[in-house]
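In what follows, structures are represented as structure tokens.
Next come two complexes built around subunit A: one with subunit B, the other with subunit C.
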Partner chain A sequence: MGEAHAYDVLVVGGGATGAGVLRDLARRGLRTLLVERGDYGSGTTGRYHGLLHSGGRYVAKDALAARECIAENRILRRIAPASIEDTGGYFVATPDDPDDYVDGFQAACIAADVDCEEIPVVEALRREPALNPGIRRVFKLPDGSVEPWQLIESNIADARAHGSDAWSYQRLVGMERDGDRIVAAMLRDERSGSLTRVTPRFVISCAGAWAGQIAAMVNVTVTMHPGKGTMLIFNQRMTDTVINRCHKSSDGDIMVPVHTVAILGTTEQRVEDPDQYEITRDEVAALIRQGEKLFPDLGNMRLLRAYAGVRPLYQPPAEVTAAAMKDGRQISRAHTVLDHGAMDGVENFVTIVGGKLTTFRRMAEDTVDMVCAKLGVTEPCTTADAILPNQVPGKTYWLGHRLADHEAEGGGDAGLLCECEFVTRPMLDDFLDRHPGCSLDDMRRGTRLGMGPCQGGFCTFRAAGVLAERAGHAGVADVAELADRAILGFLRERFKGTRPIAAGRQLQEQWMISGVYEGGLGVESLIEHETPEASREVVGAQR
Partner chain B sequence: MPSADVVVIGAGLAGLTAAIAAAESGARVHVLAKGHAATHWGPGGIDVAGIPAASTPRDGIRRLAGQPGHPYAFLGDDVAAALEWIRPHLAAGGLEYVGDLDTPLQLVPTSIGGTRRAAILPAGQAAALSPWAAGERLVICGIAGFKDFWPEAIAASLSRERIWEGGNRPASVIPVSVALPGLAARHNLNALEIARRFDDPAWRATAIEAMARAIASVPGSGGRVALPAVLGIREHAAVLVAVQQRLPAAPFEMPLVPPSVPGMRLYAALRAALIRAGGRVQIGEMIERVEHDGRLVTAVVSAAAARTFTVRTGALVLATGGIAGGGLVAERDGRLREPILGLPVEAPPADDWLSVDAFDPAGHPLEKAGIRTDAELRPVGADGASLFDNVRVAGSLLAGERYIRERCGDGVALTSGWRAARSLSAVPAGHAAEPGSERP
Partner chain C sequence: MTIAELIRDASEEAVGYSSDECIKCNVCLTVCPVARVTDLFPGPKYVGPQAQRFRTGRAQPVQVPGVPFALSPDVTVDYCSGCGLCTSACPAGVKIAEMNSQSRARMKAGKRPKLRDWGLGQTDLVGRVGVLFSPISNWALANRPIRAIMETTIGIHREAPFPKFGRRTLQSTWKRRQQRRGTAAVPGPERAIVYFHGCSANYYEQHVADAAIEILKRNGFETIIPEQVCCGLPLISNGIYTEARQRAHKNLDVLAPYARQGYRIIGTSTSCTHTIKAEYREMLDIHADDATVVANATWDICEFLLDLHEQGRLDTGFGRLDEDLPYHAPCQLRSHGIGLPAMELFALVPGLRAADMDHDCCGIAGTYGMKKEKYPIGMAVGAPLFDKIKASGAPEAACDSETCRWQIEKATGTRTRHPIEILLQAYRVADAAGGTKRGPLAAAGT
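On to the complex of A and B.
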């Protein structure tokens, strides 16, 4: 173990919240380190449906959450347009949705400052012909879809530009407490196993559903109620608009178009352990039955996979809410900052729990406000005004941009490596040039290679080939191990989340790919059987 | 109304084998298929029993035949006969196959830098079958701009002892890349396009010269050279001879991801054999229904391009494939369905279809799902009694085999197709339709 690394603040957890907290702290002049046990966004952030909330889902039951959503929706469109597809959203009343909810919906939106316009049903059906023709009313709201990994990456990039650091694959394995303070944190490199000691002045846990495990390291109890939400990915965008059912939100009532696919969400089920849960065939069937109320033909569309995320649900004890109210802070029901100084006698430790991706920046602001007050830092929050790196103001993501960009440059033979997501050899080379030493997951998220309808079946070994070719030219020694990891990793990743949906065309395609790689190409000969990775059950797949 | 003695549904190895064998014995044969089959994505060899424990295909058959419910239990003794019967048919189509049931199973290198067990391969791949001599090199020769063959990755991977299970392997594996005429500026080439270029004698002469120069520039001499499987499609035999004569190392093709050129050659050779034997084949026919009269199938109705097509028939061979081919359809509610005749399917419960690990060495339980038959390949019900007198099931639709992991799919397809035809020709003559007759 080398010398201890001193930082002002240690942020635990590399999801959207952690990245937002890191950025906010860095911009206020606090030198901060973020640590993440896996890849960035590999927890709940990378396992949600991709919805940028307008707030419409909450107007009836939680107006404060709705207000927060629409405020943050407007801010994110300004500061992170490249991570947002401006799909717009329809709230549609199906024949099954009660009139009283539908009748009061627009007024509730207006009361919560959420833009809402009723449009004729025929207009909605013209734009989205796969919708249930029996829908009775349609409201148009500013929902959208978010690319969470890109959002995390740009927050981290901004933090780095302001002198802070972020390390992935560094698991927090312990913290040393001296009286009322945390004095050191111990990290284990998940790839090499080496240990690193960090001595922060303050620790912020952004571990979400895992917050209880982090707090327990310093004998603090945070009781989380991880809530599993299951989602289904379809191989096509049957809608270009986010579709919500206009009713009290429930299972299987939202469809979000994300890049070349669409995601049906979601369910709500308590789980004991956020790392151990299963998706059952019954759950999948129930989701599809609900989804058919929006899209009658859904049962015949090809499913790519099922995956689940665990919501960081937390019910604050009454005395915490009272304490927060007493010091004049408005505490949202959507998220809570736990001050372990006031609650548990650990002065330099807070945990942020609850919340949702749309409001991650606001959650970060509330958390950092509290921490700055404790550290005597008076710099104001600037994250709502400063545009994130690599953005063109007002220019949101557009699905056709890759082809359009290619044609603008003269078109022609593009050297396509991934046909589904339009990833060309120059694009992959450019990404690898800019991210030396990146992981394969980074590559997949950064370029979307392998994330389309074929789920990596045909581009997998091409990516491995490119990596090997580049590594060979650069004199890297373990080219073959790199290529193995690319091929096996991709194939394992695409297999994940297919057990509960094994049926129809999807299973047929899976069998064919398996025949190609295992029967014809001998992929199993690449497996090193002593690696535990091969046999480890990985519970939820990422999107 | 057209009529046939035997209708075969499915145009893969099993279906075409059954059709050729039936046509040879004098039956009027009609093959109907919705599309091309596993030939188009397979490596084009004849995998009989490439399991790790087996020393030869014959040994593999014996081991698999000992598994409860494996089709080799009743087909195993006929594999040799079926193989020797098909060999001249393929040779007549320009495809010589090397190896037999007693050829040692060898680890042959693949285009993702792995190895697979094989013993019976087309001549274009056969140079991979002999053991590596001391000091022998392997050159991996890629084509610049071709995105389905990466020589650096293949060479780096094959340089590792563990890929060869610690056994016999080349002393060195060296990558090289060659720009072929007119292709250097192209990046979206697929294997079939390049194979068609090789069919052109003038182009291939220049291309083979360029390959020879590139291989000669690699240190060392002799040994073998692995090439992507693109060496011609119609003119493959001629291309192979030219490559063998000109290259300074013994060449062999490595099969690629689909579209598989060696697989398409195999399909073409089988189809040609069927046509020579007087059979017919129609691709693009979706089967709508099969008519039957009690225990006898009487007609097959298919739908294509805005019309239905009915063939009256004296017998039916069902060679529609397993899950990949659509011979078995997995429903969301966890049922497995055989969509043509609605035959009972032997399958594990839906929650156990797939193992947790994608590459579970024990395989996925669903792989063994299929149609149970008697020794004559007649589909049977739960009580073991056959359901139709004039129906035979062949190929990967059969229950009890794991055609991918046991690398037995080609052997089972070939032997069951051959046996199905022979079994039908033994059906009493009264069952075969007379031309123009209304009913068998």
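On to the complex of A and C.
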């Protein structure tokens, strides 16, 4: 068993919140270790909708949340431009949306400091011709879309530059409590199984929907209300602007253009276990029916896959109403820092729950403020002012950049590993250099490999080849076995998310690809190598 | 409206969305004549449905904050010749060629077109000026030093085929003829057709128009030649859409009233007729009823003659032509989806041994192969065709599209004519032999 003593603080969970907390602590001079059981962003952060909220969605019900969103929206555009696409957002009133909500919308925005401008319907339709021509009013707000993985990477890079560290594939499996203090935490390496004992002065749980499991390790009760949300990914953007329905939030009422695709979401359904949930065909059909109110032709557009994430919803036990137990939308989207010293008598432990990706930095600031007060650290928070590493001021993400970059090199399929998403060999090498020992699925998150219409059909074997080649150079003996396992695991994962939606062209594509892998390459003969790991999750549909 | 309907309706939007249908089978790549011969062009799948997912702002110029317009992601798509073979081959119905044309237009929109691309698009202007100064212009185009200067200054390859300007335009000749004849009542749509001559017959190849008029007359149809402008295809293929739309509207305004009365509109250039049939709606996104009415009334001349034959109304009194005739079906003809009507007509001519060269594209593709940087590509695309024609040893060849004829003539030294010129020759052989006419006119006892 390894020992790691040098850390002031242990952060549990490598989603946006954990990464933000890590960065904030590091910048205030606390040597911190972040641990994540899988790859960074493999929790809710990697399975969310992709929307940089303007706050417009919350103005009517939750002005505080709206204010927080717009403030953080402005900050993120400044400190993390490369992770953000400035799509702008439209809130559109369809014929089904009640007038009183629409009429009060602009005033509510102004009251919450959210920029909002009404524009003529014809102008909106000219810019976004796929929109329902029957829409009655359109408001323009500063929504955008956010790339979560890059954002996490930037936060971690900044923390590293300030002397802290982050370990992926390290699961927190237990903590030792001595009276009113946690004295040690036990980590398990999820690949090798080896254990490491760390002895931080403080533990912060940023485990989102899993926060209850972490607290339970020291006999503290944190009752989460994990809320599953399902989203649908369409093959190409039918809109370059985020489109929201201007009404009281419900299912399937936001379309977010993210990279090459457009994502319709979401739903809200309580689940018991954040690791066990399914997406059903009925759910998909219902989402499309709702989405058709925004884009009448949606039912005919090509659907790539469905995926779901679990919201880390929390409400203090005393406030949980019967209504909230039934409908998660009743639960606040604001965040809460739980001080387990005051609440449960564990002095060096806090949990941060709730919130949104848009407000992750603010959530981190509030958490770290509390922790610093306890540790007697007086350094102020600087995360809102310092631009993140690997980011160029004012240079937001542009969809065309991969095509433009590749074209500058002469273009063509020959240089592409993933033809759908324009992933080149140098891009993959760069990623693998920075993430040694990662899986094809990690490469997907990091580079978008296999996220296009063929869903990995034509790039998986090429990427597996790259993995094997690099492993060979690094002296790994059985590279063939490694490549086989990589291919199988990845194909399983990719096809899982398409099961509830496979129809039309997407189904044809799948038949063709299974033809290639099973008929042509004889992949089924690899089944004996299959690891239990590959078949563990029930759905785990990811994008 | 569903995507399927939209695509049938073929608006610009639908062309873009049709990339949704791509299953990445690569069939389009295997048929693309340009990708086959050059690495500069990555092929239809790449520049079409694949790149399409990275293009923002389909319906309007790219609007990317902080990114100047010139940063359009498309570069290689400019090497697409627009031959349309990919679209006709795609099993999934992706409108690849159309998508490419639109991307090119978007790549060029907002920038001033290159003088050359603009000039190659202005077939009307060039034609008028060329005809006006025809002795000088023809001398200049045949003059090697001048062509060398043209290559370096405006980028038109010195070897690129150029036709000879006529001494006057068809329009002016026709007007004079009409004046001489005086005003006669225009026959109804059963006894007359409307001729869309396009630029080549107007400025360069009046003999094609003459052949068409004579053959139609033999078969009982008077010709009406209304005022008209270039169909706009050269502008479309050079990515200059706004001007192309103006041309289209002018033509539609003239042609639609005829079409509504039931007149058929006949063209001798497969590219012009395809533009009117399909591209006014698909590429230029013109959705007025006029566009549909005119499209439905438009015929390629061989298509029309074959239709007459199928109704038993074609005068088949062709004389004997004892010769080998290599025939090239231009790529645009394939996009019409009407088969090879010229070959079926040739089969009616006794003794004529017409052979379809079965090659996809001659490489000129409108004005593509004239450009300095694309001329070698065009020649490579057409090389197998040229070899076959040369190997046949035939004295002449046939092809329905003017630029293809010029390209083939230039590359092979073999005289190349429009199929109806061959047919007219066969009629004349019969006349000379005092042959009896068969078909409708004979039946009517004239």
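Note that in this section the second predicted complex is superposed on the first by the 484 of 543 C-alpha atoms of A that agree within 3 Å, B and C clash if a C-alpha of one lies under 4 Å from a C-alpha of the other, contacts with A are read in each partner's own complex, and residues count from 1 in each chain.
Assume a contact is a pair of C-beta atoms (placed from the backbone, for glycine too) under 8 Å apart; a residue touches a chain by one contact, two chains touch by 3 or more.
What you see is a predicted model; the values in this text were computed from it and never measured.
Colleague: After the subunit A overlay, clash or fit between subunit B and subunit C?
Modeller: fit
Colleague: Does subunit A have more residues touched by subunit B or by subunit C?
Modeller: Tallying touched residues of subunit A, the top partner is B.
Colleague: Please work out whether A:512 is in contact with subunit B alone, subunit C alone, both, or neither, and reply first, second, both or neither.
Modeller: After superposing on A, A:512 lies in contact with both subunit B and subunit C.
Colleague: For A:242, using the defined touch cut-off, is the partner it touches subunit B, subunit C, both, or neither? Pick first, second, both or neither.
Modeller: Once the two structures are laid over each other on A, A:242 reaches no partner at all.
Colleague: I'd like to know which partner A:203 touches here: subunit B for first, subunit C for second, both or neither.
Modeller: After superposing on A, A:203 lies clear of both subunit B and subunit C.
Colleague: Between subunit B and subunit C, whom does A:231 touch in the aligned arrangement: first, second, both, or neither?
Modeller: neither
Colleague: Is A:16 touching anything from subunit B or subunit C once the two structures are fitted on A? First, second, both or neither.
Modeller: A:16 contacts neither subunit B nor subunit C.
Colleague: Angle at the Cα centre of subunit A spanned by the Cα centres of subunit C and subunit B: state it in steps of 10 degrees.
Modeller: About 50 degrees between subunit B and subunit C, seen from subunit A.
Colleague: May I ask you to decide whether A:254 touches subunit B, subunit C, both, or neither, giving the answer as first, second, both or neither?
Modeller: neither
Colleague: Is A:300 contacted by the first partner subunit B, the second partner subunit C, both or neither?
Modeller: Only subunit C is touched by A:300; subunit B is not.
Colleague: Could you look at A:86 and tell me whether it touches subunit B, subunit C, both or neither (first, second, both, neither)?
Modeller: A:86 contacts subunit C only, not subunit B.
Colleague: Between subunit B (first) and subunit C (second), which, if any, makes contact with A:458: first, second, both or neither?
Modeller: Touch partners of A:458: subunit B and subunit C.
Colleague: If you take every C-alpha pair with one atom in subunit B and one in subunit C, what is the shortest distance in Å after superposing?
Modeller: Minimum C-alpha separation, subunit B to subunit C, in the superposed model is 5 Å.
Colleague: What residues on subunit A does subunit C touch that subunit B touches too?
Modeller: Shared contact residues on subunit A (touching subunit B in one complex, subunit C in the other): 299, 413-414, 458, 508, 512.
Colleague: Considering the complex alone, what residue numbers of subunit A touch subunit C?
Modeller: Spelled out, the residues of subunit A in touch with subunit C are 86, 126-130, 235-238, 240, 260-261, 296-297, 299-302, 394-396, 398-404, 407-408, 410-414, 419-420, 422, 452-454, 457-458, 505, 508-509, 512.
Colleague: What part of subunit C is in contact with subunit A in the complex they form?
Modeller: 1-4, 6, 13, 17, 19-25, 39, 42-43, 45-47, 50-60, 62-67, 71-76, 92
Colleague: Residue numbers of subunit B touching subunit A in their complex, please.
Modeller: Per the touch definition, subunit B meets subunit A at residues 38, 41-43, 47, 107, 110-116, 145, 147-150, 152-153, 156-157, 159-160, 162-163, 165, 175, 185-188, 255, 257-258, 260, 322-324, 326, 329-334, 350-351, 353-354, 356-359, 361, 366, 403-405, 407, 409.
Colleague: Touching residues of subunit A toward subunit B in the complex: what are they?
Modeller: So the residues of subunit A touching subunit B come out as 280-281, 284-285, 288, 299, 413-417, 425, 458, 461-462, 464-469, 471-472, 479-480, 483-484, 487-488, 491-492, 495-496, 498-499, 502-504, 507-508, 511-512, 514-529, 534-535, 537.
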